Each structure stands twice: as C-alpha cells, then as structure tokens.
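Across the two complexes that follow, chain A remains constant while its partner is chain B and subsequently chain C.
What follows is the complex of A and B.
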C-alpha cells in the first residue's frame, strides 16, 4: 500500500511545483471569473428570492402570467431609475432628488396641460426639458462647489418635493391633478410612447394557440406587454452598452475610481459627472411620465423614497458607494428583487408589513457579500 | 561650452514665489538628450515645486523655461504633455478597481466602429497593446483584464511609466518612483529607467535616495532649501561625495564611515 502511494505523492508534488512556477499565467476558471463579476451577488440574490417565493407562494398564481406582469411592472419602474442611479454611483456621485424629481416631473407634465391648456405632447417635452435642466443644475452645483453630492441633492429632494406640493395645491386645490390620462389618450404619439401596453396581437395569438391563459370571453389574460417593461429594457441595454463598451463608459469608471487620476490622464471629469446627473434626471422624468400616463393623474407624493430604492437596487447590483465599480445588469437584477419581494409577499401567507424588513436584510447581505467579492477580486499579492 | 541643441529641456535661473515664500531661487537645470538626470534633495528642498514647474502646473515667477531650445510658457499640464513632457506622480494616476487595459488607455481610449456605425472602445486592442508594452518593460501580467489593485507597487509604477512612454513621452519626469517600494521592486524600476534611456528617452529622476540615484544617473542636480547646489556629471563625483553633499556635511560623516566600513567588510 505504502509502496504505491509514495510515487503518486511525488508526482503531485512535482505538479504543484510546476504550477507554482507558472503562477502568473494560471488560468482562472470560468466560474471564478463569473463569481468575481459585480453583478454576481444580485443574480445569486434573485435566484434565492425566486426559490423562496417558489416555496412559499409557488401555487398562488404569483408565477402565472398576470402575476408575473404585476411584479415585473414594479421592477420595471424601479429598474428605469436604478439604471440612472447606478451609472451616477459608478461615477462616484449620488442623487437623492430622484424621488422628488418623479413627483415634480408628473406636475410639470400635468399642470400645463390641465390648467394652461398646453397640448400634452408639449407638456411632456417641457417635463423632460425641465428635469434635465434640474439635473444639470444638480451636477453643476456639485462640481462647482465641490460639496458632496449627498448634500446638494438632499437640498433638491426637499425643494422639488415642496414645489410639487405648492404647484398642485395652487392650481388644483388638492394634492392630486387628475384627468391627465384622457389627455394622454387623445394624443396618438404620447399615448403610443408612454401609455398602457403593446404587442396585443402577439398576446392574442399566444392565447389562441394556448400558450397563455384566456379569460372567459376568449381574450388573453394579459392584454399585452406593458410599455414600461420595454422602456426599462431599452434603458438598460443602452446604459449597459455605453458603460461597458464605449469611451464614455471607461470615463465613468475612471472618474468614479479616482477623480484626481482621471483629471491627470485627461478625462473631462466635470462633463462626465454633469451629464450623468442629467441622465439620472431623465430617468426620473421617464418614470414620472410613464406613471402619470398609466395612473391617469399626477400626485404630490409620487416617487416618495424612490431615491433610496434606486440606490439600494444599484448597491444590491454590486455598485460601490464610493464609486468606480458596479454594473447596469446588476442594478436591473436588484430592481427585479425589489419587484418580486414587494408584490410576491402578498401572495404568501406572510404579513406584507415584512416587506421592508426583508429588503433591509437583503441590502445588508448584499453589501457584505459584495464587499467580500470585491476584496477577493482586487486582492493585492 | 555646449550649444543649446544638446539640451532637450532647460530651466535657466528659475525662481518661484508663493506669496512671501521663496520655493525656488535662481535654479538652473539642464537636461541632455537621452540622459538620466537625477534631482536630489531632502524634504522641503523644493523638488515638488520644480517638478510642477517642469510639468506645467506652475509657471516660473522669474527665469526662463526652454524646450528644445525654444522658450515656452505652459498654461496647463496638458500643454506640457503635448510637448512630450510626461510626469509620473507618486499617486501614478491609476484606478485600482479598473483593469490594466482600461487604465492604460484611460482618457485616450482606442475607438473602433461597431457595424461601421457605433463608436466603441476597442478593448481587444487595448488589452493587446497594454500587455505588449508591459512585456517590453519586462513586466508579465496574468491578464490585461486583471484589476490594477491586484498588482504590486513596483508593477503599478512600471505600468504608469510604460503608459507615459507609449503615449509619446520624450521626457519622463519620475517623482520618487522608488519611495514606497521594496529593494527588489526598486531594482525593477531602475531597470525600467535604463530601458527608457536605451530607447532615447530623457529622464528626470527625482529621489532622495543616493543609492538608487547613483547607479542609474548620468548627471546629478542637488537642491537644498530652494537653491541648486550645482549639477555634476557622474565622473566628477563619487557616491560618497554625493552622499556627503546630500546630507550637508559633518553630521552624517559617522554614518558614511559606517557605510564604508560595511562595504569594505
């Protein structure tokens, strides 16, 4: 027995020696590479959440098409702003005014069209332009004063929330401006872009051939694909592409990783950061406009606390609070976790009050996990 | 008297004042083509101000700055860079969380057209070039996609130098490149300076370590309290004299004696 083991041991020792000599070119397994990616934590988290809800709510209809559409829409709304927040965080800045911007965008769209008799397309354009100007102002103040973006955007969080309330009560004597839905519906372009769902033919066909369930009258159980989902995917694909493939994406990482270094190698730090504040404001406005078009009214409390949810989604998705690291795909999975948990919990026997507890725990877990993964990925030799 | 053509970079009687503080006084520094010129001085000698003047961060309060014999006045470091004067500061301008390839080309990304339409960063090209350029400098990395944070201090220094050379530096200003490094890594950086010189690049090597400066340097300028104590060729002075001048005389004699004793033993 011992005679056979000793040559084998010698053999392994030789192999080990050879491997050590060649340490610099050792191949990392694909698994190892995947684990070290920023979005790994959120993908693992998404799987965990699906498994949990599969166990506790598997037969409740949560995973039927209508249930899926429910949580997918929640994820999509959040996903849109998470994409913006994620890019901005990678560039090393925060925007706490996202939530207030959503409410303000809704008012900028609703008030001119309802009370000043602007055509709806013009007021939608006005909302986008207004938000982007505000985003620019956020960015300009941060870069100009060199104050932390946390403080500057915190100020705007209150300013914009307050203005939303002021506008609403001034014009309509209430915190809600209603009737915008019909206005949107009367404009073919605006309603085609932002209202309701699409691909009705495809869903009807899927129902006919029996892939999706039918209502008693033969209509498909879900009329079509909600446009907010398409917007989410479009934003995610564009932002993900820009971040990972373009020059500008490399600038985002450089600026967030070390802004002095970025300046020294000739990256236009100011321009990069300000344009990302504008992009984040654009995302918030898109959220606001889609919501107003869908719900049919603008309200002063729209988007409350959404800035935190967006940041949490980005952090679950692997973004580093100090910048320089993160992924758009990760932020999207972070948003998906939100949607599944928020809606899914009502399908289970748990009290839905547990939703925030669960999310807080998820956030803590994600941060710890990401910290561990990152220190592994950049471990100094 | 040598003609001006021999010098790629000259500071002639340059003074720099910050309010009442005289940071540099009547300093003259002349860099020959293809030499390694060591700038020695203790903390507070004015090395940083001198580097920043050369790099275009400060402009001299008095005196002349000549590049290729022509007087220049840089408004920004970018202009110095356009003249081929690259400065590698101690912080190296590297982002630890980003990959080697992305760092190498940060701010100067190679671009190709995707489907002949959309401009994207040519990451394959960046990876290939950065790996090649590092290999030329004798640094072999696991992968150009590894994070810079995984590299050692010496490797990072080499990466920053290789990057400056790749982007057309004629003059390389190295700010204390060996300050934070161990013996072996310092040795690698010295080798790298030698490689750069062999490729015709002129180097200003700032340090306070004579043991690093003497083996690699062709000429030496000593700074003390904002003033130049003169420039010397290597054959004009021995390492001991250099050490002596650095320390400013008697107080270090005993240490020098000890060092000589150790060398003899």
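What follows is the complex of A and C.
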C-alpha cells in the first residue's frame, strides 16, 4: 500500500528484540530508505539528463538564467498536470481528457469575456467551475458504470476537443480567439494570479549588483519569476502533503492498491476517486488559464497530447500504471526530465526531424535507468 | 558500458552535423522557426532552402517547429532562440498576439530578426524585424486579375475554400478589383470537402453560364474545381487561375486546363531570410536596402535563382517572394523541382 518505508513506531522496549527478528518491521538505513522511495529513480534520471545535456549543450546558453527559465516553464506547465495525473494514477484511474480539458478551459475563459462581455474574473471562475463539473462527471460515470476510466475519459477527450473547436468557430469564425491577454492584464486580481512573472525587483537588484546578466538596455535578462513555476510548486507541495501526511492520502493509496478491500474496511472509495477526477480537471484548467494569460489567446489545438505527457511524467516519476504506488515528488521530477529533454534538444545541433526519435530514446533511457536503479536498490537490501 | 556506447553514438552524430559548415563564419548560427506541424509538406521547401543558404554563406542553420503545430509551443521556441543567443532569428507571424512577447525577448538582446510568410509588413515592423518576406495577398490577386483582364476576361468566380482566413478574401478582392467587379457577389464559400467543392462549382456554373473565369485559392479548391470542369466538359474552355502549386495543378497547366498558377515561392522565404541575416551580421547593418543590395550582387544567390527559375520582387524597403506566375512556358522547370525547391 503506502510506498513510504517510514520505520514503524516500535511499541515498548521489550517488544523491540522480537520485532527485529521479523523482516517486515526491521529498521532500514537512511540511504536504503531514500533509495527505496518511488521518486529516487526519477531524481537519478534527472541527474543523468542534466549530465547528458551538460555535455552536448553546456555552452549553448541552455544553463544561463534565461535558458533555465525557458525550459523550467515547460516543465512547470507539465508539472501542474502531472501532479493531478499522478494522484489519480495512484488511486488506480486514468484521465485521458486532460489535454482536451486544457483547450476547453482556455475557450471557456476566452469566449465569455471576449464575446459575451463578461468581466474576466467571472469567466476565469466559470472556467474553473465548468472544468470541475466535467471532472466530476468523468468520475461519476466511471464509478457508476464501472467501465474502465480509460474508455470513459477517452470519450471526453474527443467530446471536449470537438466542443472547443465548435465554440471557437461559432463565436470568432476562426480556430483562435485573440486579445484575451489585454483583458487579463486589465484585471488586477486575475493578472496578479495568473499573468507574467513576479519578484521583478529582486531580479533587477540581482542584475544591478552583477549576479545575473543584463540586457543591452540595462534590464535584467529575466524579468522575474514566472508565476507558472510558483503555481507548480504550490500544487506539488499541497498534493505531496495530502498524499503523505493525511488520512485522505492513505485512502488514495488504499483505493489504488485494492479498491474492494478498501471498500470493506470502510474507505469511501467512490468519494476518493471522484474527488481526484475533479482535482485532475482543476489542474488541467489551471494549465489552460495560465497558458491563455501568458500567450494572450485561446486556440482549438491547445493542450494536444498533453494527457500522454502527464501520464509519462508520472510513470517516469515511479507511479505504477496499475495504481497503488507513486509519489508527487517523483512526478515533478518526471515533468522536469520531460521539459529538459523537450527544449534541450533545440539547444544541441541535432536536426529537428530527429526530435521525436531523441525524445523517445531519452524517455526510454530515463525509465530504464530509473527501473535499473530501483531494482538494484531493492535487491541489495 | 551500454551507456558509454550510447553517448559515443550521440557524440558521433553531433560531430557529423556540426561538421557541415566550415570557413570563417562556421560558428555563426541562425534559426528559422515555423508554426507548421511536422507533417506539413509546404514547409519542406523552406527547410531545403535554408540548408542551401547555409551552404552558400558558410554558416550553420537550425529549423525549429512545434511538432504538433501548437502556437503556444512555437512561442516557447522563439524564447528559446533568444536564450540560445543565435546570431539571427527568422519566424513566420502565425499569430501576432502570441508571438509579440517572445519577439521582444529576441529584439531586447539585439538579435537581428526577420519575419516571413504570413503576417503583414506593418506587423513585422511592430515586432522590430529588419524586413518581412512574404506575398502581399491583395497585390497578388490584383496582378493575377490584370493578367486575366488582358486575356479579355470580364467576369469570374472565386472558389474560396478557407473563408475564415482574411488572406483568402484579400486574394479574391484583388482579382475582382482588377476586373472591376464585386468580390462578394462572385465568391463561393466552398469548404474543403472535395465532393462539396466540386458540386458547388458546377452548380454555380449552371446558374451563371456566362462566367468566364475561375479563381481557385489553392490546391484544396483548384483540384475539385478542375474535376468538376472535366465532368461538365468545360476544362480548357473556361479561363482558370489558381494560387499555389501541386502535382495536379502542374499537370493541369501542362495540359492547358489551367492558364496559370500564382506561386509565392517558399524557397525565397527560406533562402533570403537566412542570407539576409548572415549579411546583416557580417556588414553589421540593419538597413534592409543595403542588405538586399549585397544579396543581389551575390553570385551564389544569382545561380540559385537561375537554377530553379525563381523571381523575387524587390520593393523599396524589402522583398516579396510572390506573386510569380507559373504558365505553360515555365512549368517544366517548376515541375522538376516541385516539392523540393519550388
């Protein structure tokens, strides 16, 4: 069930000796404890990827501050949905509608504000509410029909992608709705939450004292900390805390391990799974809203194939496709690997036709390495 | 052990691709970023063109595109180009809103920028680009219309398969203005389904038997329209003009069914953008007139134009890659290089 190998609370001193004999409760060294955690493989994989790019693209600007911000943003966007996908996978379900939900969330935010003249804060709330209702519907249908979530959410993948196209062509006669960026910029609350970057003063100061580079006009090379990074860390910390430190987190592992057994010991299986579908939809919506605020437009093809990337990030991070095992930290490192590989290839001199080949090979390498390290670590205990 | 083998392989490939350029400018590196997905064939010509420009000027060049055609990913690639400190960046203005912020990153670092393909010269200036290399759509339509007028055409139908695109309407309007007729009245919104396009064209021609000419806006409308004409037995009897090229269009020109095609010469968009960036870097200038003067005098560039039968149109402060007209006279050169350099 729980993946953590936290040492059991030993009862009394007299029991200690008897317990040492039982291999299930023996104490492990700190190193073994760390190595056996699900995220260890992905942390090792991340280091491997950094070493490889350090060799092939070390002098290309990839590891300068603006280069780091560039790929960190890609990882952050993916990380946000990977956190949601990871919790859902630990609970033993998939959501293939994440990518389409991203596009649909963007449209739900853009269309009311651009064509129905809603204030932008209302349309953002509408997008979040709409996505969470859709997430609930996904979860309800899966639990009610007992069909595999793979099939149910696959249907929503098509339905939502189609609706996104319908909405945009109906209202704007085009597949792209532009001008949302200015609307977001004009609302202090929404732009403070979702648009651009923050901590500009800190970066300006760092540039003044010469720690970071300056542009020719004297501005710091990076305007600030992109908000998407802060959102990613916030989501990761909250989800990580819930998963490893709360009763609900234990329920997630239990439900994914064996949902019938969980039901029998009184875990509200249906509520746990449905709320995780809602959470995944929330993550997808957050991705969509952040992206629309950042690039300034919503389009019908946003978020294409992101559901697979999120699942891949969770799997690299040590989550099992069968459920019951995984970690949020691992998924975050999985997203980091994916982001670094995706953008890093552009920093090397490889022809872009080879992009997918390298992406696939790097992912395979990261997963194999992850698997190798883990099996080695578990064998030698 | 296995890991070492893989890294040796990677290092080998890296060395192979880096060895492509040699000479005094071999460590200059330029990039062209497009919005098109991997499967888009039209951009293959551009890709080939930038490789040849890199060979001619002894520089290195990268082609980057979002694999799924997602514009948000393209914006990231433009930012990435700025972070990598390329010596010059070229991209197409697929969406002005999405790309204006990333373009600012490029210009803030004083990296020379050139825009190509879609977008207008005005948008290009707003982004801080040196010049824009594309085809002014209204102008292209108008020149085509003037050609038709010279052949004695007084009425036409515009088969518009992409009516949501503003550029499509510009093409029709230019043609209509040259003939002096109303563009809206002579346009059909055909959609892209070939069966529907063909039936809409034949319906229009039955209802308006006096129509003298057809203007198709690309292979998607030209090919079904031609099929409809063949079924009605009117192929070769009605004046037929189309935008862009394809196998069927080239064949139609050979057989005399299509009078001419308007080609925006994608090769030039790729070649000139890289060549101009290299010249801007070498001569340390941002003046489009000076850059183009140097380019025009370059014997290698002249040889490429001659080989592929290309014809750029120089304006006061830039260059247009089109319109160029493909007729029965030059169709053989075009056919030889279609999909590669034309």
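The rule we apply is simple: the second predicted complex is superposed on the first by the 327 of 381 C-alpha atoms of A that agree within 3 Å, B and C clash if a C-alpha of one lies under 4 Å from a C-alpha of the other, contacts with A are read in each partner's own complex, and residues count from 1 in each chain.
Simple rule for what comes next: a residue touches a chain if its C-beta (ideal position, glycine included) is under 8 Å from a C-beta of that chain, and two chains touch if they have at least 3 such contacts.
None of these values were measured; they are calculated from a predicted model.
Engineer: Once chain A of both complexes is superposed, is A:78 in touch with chain B (first), chain C (second), both, or neither?
Structural biologist: After superposition on chain A, A:78 lies in contact with neither partner.
Engineer: Between chain B (first) and chain C (second), which, if any, makes contact with A:315: first, second, both or neither?
Structural biologist: Neither partner.
Engineer: Looking only at contacts as defined up top, I'd like to know whether chain B or chain C touches more of chain A.
Structural biologist: C
Engineer: So, does A:169 touch the first partner chain B, the second partner chain C, both, or neither?
Structural biologist: After superposing on A, A:169 lies in contact with chain C but is clear of chain B.
Engineer: Just checking: does A:365 make contact with chain B only, chain C only, both, or neither of them? Give me first, second, both or neither.
Structural biologist: A:365: touches chain C, not chain B.
Engineer: Check whether A:291 is in contact with chain B, with chain C, with both or with neither, and answer first, second, both or neither.
Structural biologist: second
Engineer: Show me the chain A residues, by the header's touch rule, that chain B contacts in one structure and chain C contacts in the other.
Structural biologist: Common interface on chain A, chain B vs chain C: nothing in common.
Engineer: Which of the residues in chain B come into contact with chain A in the complex?
Structural biologist: Where chain B meets chain A, its residues are 77-78, 81, 89, 91-98, 102, 105-109, 111, 114, 119-121, 123, 140-143, 147, 149-152.
Engineer: Which stretch or stretches of chain A touch chain B in the complex?
Structural biologist: 24-26, 28, 245-247, 249-251, 253-254, 257-258, 260-262, 264-267, 320, 324-325, 374, 377-381
Engineer: What residues on chain C touch chain A, complex-wise?
Structural biologist: 6-7, 10-11, 13-14, 17-18, 38, 60, 62-65, 67-72, 75-77, 79-80, 82-85, 95-98, 100-101, 105, 108-110, 164-165
Engineer: Which stretch or stretches of chain A touch chain C in the complex?
Structural biologist: 52, 55-56, 60-62, 64, 66-67, 69-71, 73-74, 169, 173-176, 178-179, 181, 215-217, 219, 291, 294-297, 299, 301-305, 343, 346-353, 355-356, 365
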